[in-house]
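Alright, structures below, take your time with them.
After this come two complexes, each holding subunit A, first together with subunit B and then together with subunit C.
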Partner chain A sequence: MAQQPLPSSVQPTDVYGGDEVSAIVLDPGYINTRAGFAGEEMPKQVLPSFYGHITSSNRDVFGDQAMYPRADFEIRNYMNRDSVVEDWDAATKIWEHALVNRLGIPRPTPPSKNGLNNKPKPAAEGEDVEMADEADLDETENYEKPMAENPLLMTEAAWNSPKQREKAIEICMENWACPAFWLSKTPVLAAFAAGKATALVLDVGGSNTSVTAIFDGMVLKRSVQRSPVGGVWLSSQIRSLFEASEPKVEVVPTFMVENKKPVEAGQPADARLKTFDFQISPSFRAYEEERVLKEFKESVVEVWRGPGRYLAPGNEDYAKNLPGRVFEMPDGSNQMWREQRFKVAEGMWDDNAAFPSATEEGKITKAQTVPGLIKAALDSIDVDVRPALLANVVVTGSTSLLPGFTDRLNHELTAMFPSVKVKLHAAGLSSERRFGAWIGGSILGSLGTFHQMWISRKEYEENGPGIVEKRCK
Partner chain B sequence: MTSRDVHDVLNLPSDHSGAPRPSKKQKTSAPRPNLKGLAREVQNLGGDNPIAIVPEVNFFKKRRFATRKPVAKWELKAFTNSARGDDGALVLRHWKRRTDDGAPPVESAQDGDGQQQRGGGEGTPASGKREEKPEDSAFAKYNVKVVVPHYTEDQYHSNLQNNDWTKEETDYLLELAKDFDLRWTLIWDRYDFTPKPPGSGGDAANGEDTSTAVVPAPKQRSMEDLKARYYEVAAKMMAVQKPAQYMTRPEFELYEMMQNFDPEQERKRKQFALNTLSRSKDEAREEESLLLEVKRILARTERFNEERRELYNRLDYPATDSDINSFKTSAGLQNLLQTLMSTDKNKKRKNIMPGEGVSPSNNSGVPNSAVSETNPANRRESIAASATSNNHHHHARRDSDARTPATPADPTPTSAAAAAASAANKKKGGGTQQQPERRKLTQQEEQVYGVSYHDRLGSGPTFRYEKINKLYSHKSGQQQLRITNALSELDLPPRLVMPTAAVTAQFEVLWGAVTALVDLRKMSDRLDGEIKIEEAKKAERDRAKGIAAEKEGEKEKGEGGGGGGDGAAAGDGEKAGEKTGEGGQTKEDGEKKRPGSSGSLSAAGHKRSASVLSAASDKSSKRQKK
Partner chain C sequence: MSQSGATVNEECITAYNDLKLNKKYKYVIFKLSDDNKEIVVDSTSESGPEYDDFREKLINAKTKGAVGKGPRYAVYDFEYNLASGEGVRNKITFIAWSPDDAGIMAKMVYASSKEALKRALPGIATEVQANDADDIEYDSLVKTVSKGTAA
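Then we have the complex of A and B:
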């Protein structure tokens, strides 16, 4: 149960309009799936959206601790690169794993078994009792299902299709018997987390970067812009950088290394690699390599802060003189990274600066860069709201945690809209940036005024899954 | 170790050494001698820095047994939200402080739990005293909805037809407006009307089934289009429900506002906003600086105006045209003062205060004589004042007060005088003691009693015909002659036989008209003469050049005659024939003596004009007589 931080003499509703009904917030993303109780400040459970599939026994395993090298082990993701659920079976399982097994939502005991109805009853009410018993029998079925007591608030990408949304409510109602359900779009919730009802949300996530205008707590559909320029794309840029650097940098994931010795910078690694008596699937290796690259992103990559682009004359020379950062690969080879660490992230801002990508989807156009997205989003909406949006730019998503990201964004925006006041709102706490949408959902789900919005079970039963389209606009 | 020691070790300059330290030392050393035995030894261990000795406290807080209350009890209570509009089908539970009605909370919570989805708490047989329904959410009251106009089919057909909009689309628009609480940005964003989609129109089809197979492509609606249509519908429905004349003020204002919505203007405004947004940095900066400049200029002009007004106030004194040189010397001023004082004494004015200094009455001898005849307004005022009452004397005095500092003989009515006059009039109307006694006569009464008001009255009796004679005296002899000629043509004697007031007045009017006519005639004659002279000059020039043939000369003469004819035509049509004859005459001798001809012409013109004039004035005066 959510905590009650206020003194008991004060009713919470008097203070912040909260009314906690132990709702659950589920925020699935390409990299992570977040789950927790509404009203809390952080998601209790953050588990990778990647899951392991053991081909031999046709079994799925979830969670970080299950991801170790095994035989016949593949890594899959139930989401696709568009941040839309692809594999609904796996999604159901992984969500249930997160909510029931990990979050520990208690399964309610049916009233017939909880011992509270065992009192002697007056004889006059005998008929009523029988009816109640019958009702109980119906109920029992629901009590076998998890989460029969907890309303569920789920998030979705702004471009989610109606089919997907209907599927989501179906799972919630049919599989878990939730009493109520709500589907909210991530940028809206990110704006709520920043305390804004009207905002321009820049969400630089794992697989996508999206720009969405939020007006009065609703997505402006015309403004939704997205591009693959996110964490995964940045990883591919880092791979390109490694390919291009001299000598080539090999990415050896941690699980391969049995033992390593320290070497001088720029020297080849001196490490003994593990050998496995089974085949390591490419997907698992890629997943593990991604973890190394993630660490590289977190510790080395930096965004050129501006003013001006990185490619502008003089800037690169200046960057070369800045102190570099050393990164040691899991196999012990290490190297100092200087201007490259700026160059890698520059593709997000300037399509000319991006490393040439091997794959087609890795190439980006000018419109797919962050400034391009923002411009396109603003151009597609009414001119009257543009200044209000620019005064409330909410930056969220973990890739926006790259050092210098907000500085650069500020420079780009003020250069693009010189006559408008631009104000960025980027949470200082990294977890608030990472879980922006979840936190917004947590706020929304614990608001007293929100409880009239829920799609109740009854409504679902009367209208079918189509109701989600009608209600969650 | 103290901070100073640290500084020493690190070779840092001790920034604020000296003064504070010795005092601190003294402070710490002061209690030391009081310690005895072990305590002192322990104290000494600390050296310079005494060891902080915290007294051991083995209880945290005094327990307040007296005010202790039992632990607050909370219960998981079911509640519904009436704003949902589903009759409490959704029962959620939250923790609430238990109220004091003493019922066991757990049971009710479990009951609510049991009936969670199937709605209603009827299955609570065990505890009969509990109320059946879970309580309503405290937040239900915040649910507000906008009012969107409704119309029936008939109303739509009679009032809301529009070529551009089908009923389906209008329905769709209103539904969106309701859904999004009139937030136009959202309405426009989500507006996606596809006319009669066969499959996907679940929400757009409002029970209307028009079997139109041919559907136009969905129109691209701008936000202004949507607003214009909505306001049109809303205003019309408002008027249908309540005619405009019965609306309350705010209602009518809303109605008018909606009626006057101009999408075109809105569009222009947006275009302007767009341009403003897309300004470059330099432009923005320039505009900012310009705005600042404007503000500064405005502030400056305001100050400047203030200063100028002040200056004008200082400079504002009654101007004078007459010679004030005699008063410029101190002796002259003294002289003036003496004169004024003496006249005051002569008049024996009692209400004059010595402090008021130079304040002569206007009807006193000196100023009155100084006031020339060209200042009727001023004199009128003073006479009226002296004629009415003492009070008015006062006003008149003040009136002249305003002028006297410059000159007592102020020939022009200044603004101050006018103001004083109006003030006096006001006072008159305002009712002093004497005022109510005089009855205000109506116009009829005035006529009956023969009451008349005069600008001025000379001293002693005068004859009315003298007044008439006076009119003549201003004119020159020739003019007088002409006027008498004109009058005699009208069969009017130069001296009126029976100069009653009415006749004199009428005569004055007539006389004025005659004078004006004479003046005009004079003017026109002069112009005629000048024209002739110029023409003659021109002819002379042409001849001198030798270019002009004889024919041309004749032509010129013809023109000359024509010119004469024109002048005559201006006078009267009757005399045209005679005049042309004259013109012909002049033409004959015009060849020989050119310069002279113009003189004769003008003379002829004169003669003629006099007769013409007399004829004209004859008519007019006859008309007047009637």
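Then we have the complex of A and C:
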């Protein structure tokens, strides 16, 4: 039987100050929410920020396993496209699910079960206690203080509002009873993890691409630029590509395919589709289609490396002769993709090359492309600082893992700033780029010296949630 | 701001003052103690004031218990002639040395502890962030430090 943790009342109050802190790091994003213990190399839990809502029973379900076709089932997201929390109730639930249920934070044992109040009984008694604990595992709500022994380090976008930040500390302190809290900006953590206190951070994420200048560990607020040119936007470009293809490519998500027969490239699919005796909601279908597009993105799409744009004379003809990639849809239809592989990502760099978008939010301007964002960020800050920033460009975010991305970025920047030394820093390990901010937070939260930085429960109680604005700058 | 909370050992300030006021050293190299709790002096120019030795020391720096190279902080007292012929200038330069091939833990700790040291050392003229051997070539550093006014 595992040893019972000490009840919080008898533990030393400065427990989070020692080296043995079991701090939690929570890094919420639009696509994924990353959670894990500080000091670990990778987040233990990476779960979708999308969750399922069962309308008939008004119940929410979380995690990949819960996302299967069922009746009255809608897919929602607690974040909005700006990577800022929109639905705080859902956020609290999903975080609790990630931290308490999935991560398995050891909970303080209620006094009735900690063994101290039991009447002496024969040895068999220990087993009873354990079984009783097991039965309670899902009832998070029964625990008033699920994280009473774990300081929480959270990350936020550089443009997060004061109100949002106060809400975060409130949930941590009021709902979970954490002993300490800290809020770090993702670009600062990414820059530090690259060994730089001064850097220009390009974060190419799921719903956003942002550029932030960091100077001596501080975000230069005026420099913060962002646009929707990220992974989700890229998916919409792929849809436009499919629409424009001859014949049109249908996206049939995996869950709809009963069985399929192999077909020749370019031929219509020969598959039998599943039928459901309930309605599949458009949001669930869209979520599942997104998975197919994600796979397409990861296995087919490539960034035109340059030098020069894809639309420059000759480049397209050259791309047509490069080896193509075959992609098979879940329904078995497949085809070879050649120059389209490059064309679909070109809009990130050159607004003229973007596929026309059916929706207003899918349209982008020159200022929203990656070079446009970087130019705007640099234009907004002091001339003297610019060379130091361009010599320390940190590339992070999972969409930056597209093959050719850093090559193209290098070409674009050297063409834009011919007289300045441009140096990119992009982690070679894909995990460091996907989880750059989480890993930075993990190291920071694990440092013994960091205990004096945390906002303690006492400080929060004395000053209220406004303390977060004063301390976490 | 997200800082590690590491402290600066008194000997760092003593060594820095020896460099700045007494001109006893040409450079001082600082590092984080093995437990990452405080910043201590790694070495000084006692063995010789040559720039090449200084550069070698940085390039060969290690982090205890980790593979690859180790980051350091350093202060170097650059002295150069003005191209305009108006004489000699001194510039005390802070160098944040974080080689790209250092471990991510060491990079994070050094980057998040830098401000603590810099604030403890008054009178730094310029700061350079260096990430590979090319960044700490003498000529290019003097050019940066002097803002192009060196001969």
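Here is the rule we go by: the second predicted complex is superposed on the first by the 415 of 473 C-alpha atoms of A that agree within 3 Å, B and C clash if a C-alpha of one lies under 4 Å from a C-alpha of the other, contacts with A are read in each partner's own complex, and residues count from 1 in each chain.
Everything below uses one rule, namely that contacts are C-beta pairs under 8 Å (C-beta built on N, C-alpha and C of every residue); 3 or more make two chains touch, one makes a residue touch a chain.
In this text the structure is predicted, and so the values were computed from the model without any measurement.
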item: First, second, both or neither for A:K473, with subunit B first and subunit C second; value: both
item: Touched partner set for A:D382, first subunit B, second subunit C, both or neither; value: first
item: Touched partner set for A:A180, first subunit B, second subunit C, both or neither; value: first
item: First (subunit B), second (subunit C), both or neither touched by A:F192; value: second
item: Partner chain in contact with A:Q452 - subunit B first, subunit C second, else both or neither; value: both
item: Which of subunit B and subunit C A:M218 touches, first, second, both or neither; value: both
item: First (subunit B), second (subunit C), both or neither touched by A:S419; value: first
item: Touched partner set for A:I443, first subunit B, second subunit C, both or neither; value: second
item: Touched partner set for A:K297, first subunit B, second subunit C, both or neither; value: neither
item: Touch count on subunit A, higher of subunit B and subunit C; value: B
item: Footprint overlap on subunit A, comparing subunit B with subunit C; value: 216, 218, 448-449, 451-452, 473
item: Parts of subunit A lying in touch with subunit C, wherever the complex brings them together; value: 182, 184-185, 188-189, 191-198, 216-218, 388, 391-392, 423, 425, 427, 432, 439-440, 443-444, 447-453, 472-473
item: Of all residues in subunit A, those that touch subunit B in their complex; value: 1, 4, 8-9, 11, 13, 17, 19-22, 108, 111, 114, 116-117, 119, 121-122, 125, 128-129, 131-132, 135-136, 138-139, 142, 148-149, 151, 179-180, 215-216, 218, 220-223, 381-387, 415, 417-420, 448-449, 451-452, 454, 456-459, 466, 470, 473
item: Sites on subunit C touched by subunit A in the complex; value: 1-7, 35-37, 71, 96, 98-100, 102, 104-112, 114-115, 118, 129, 131
item: Subunit A contact footprint on subunit B (complex, rising order); value: 72, 74, 81, 83-84, 86, 89-97, 106-107, 110, 113-119, 123, 125-126, 137-140, 142-143, 179-180, 183-186, 188-190, 202-203, 223, 270, 273-274, 276-281, 283-284
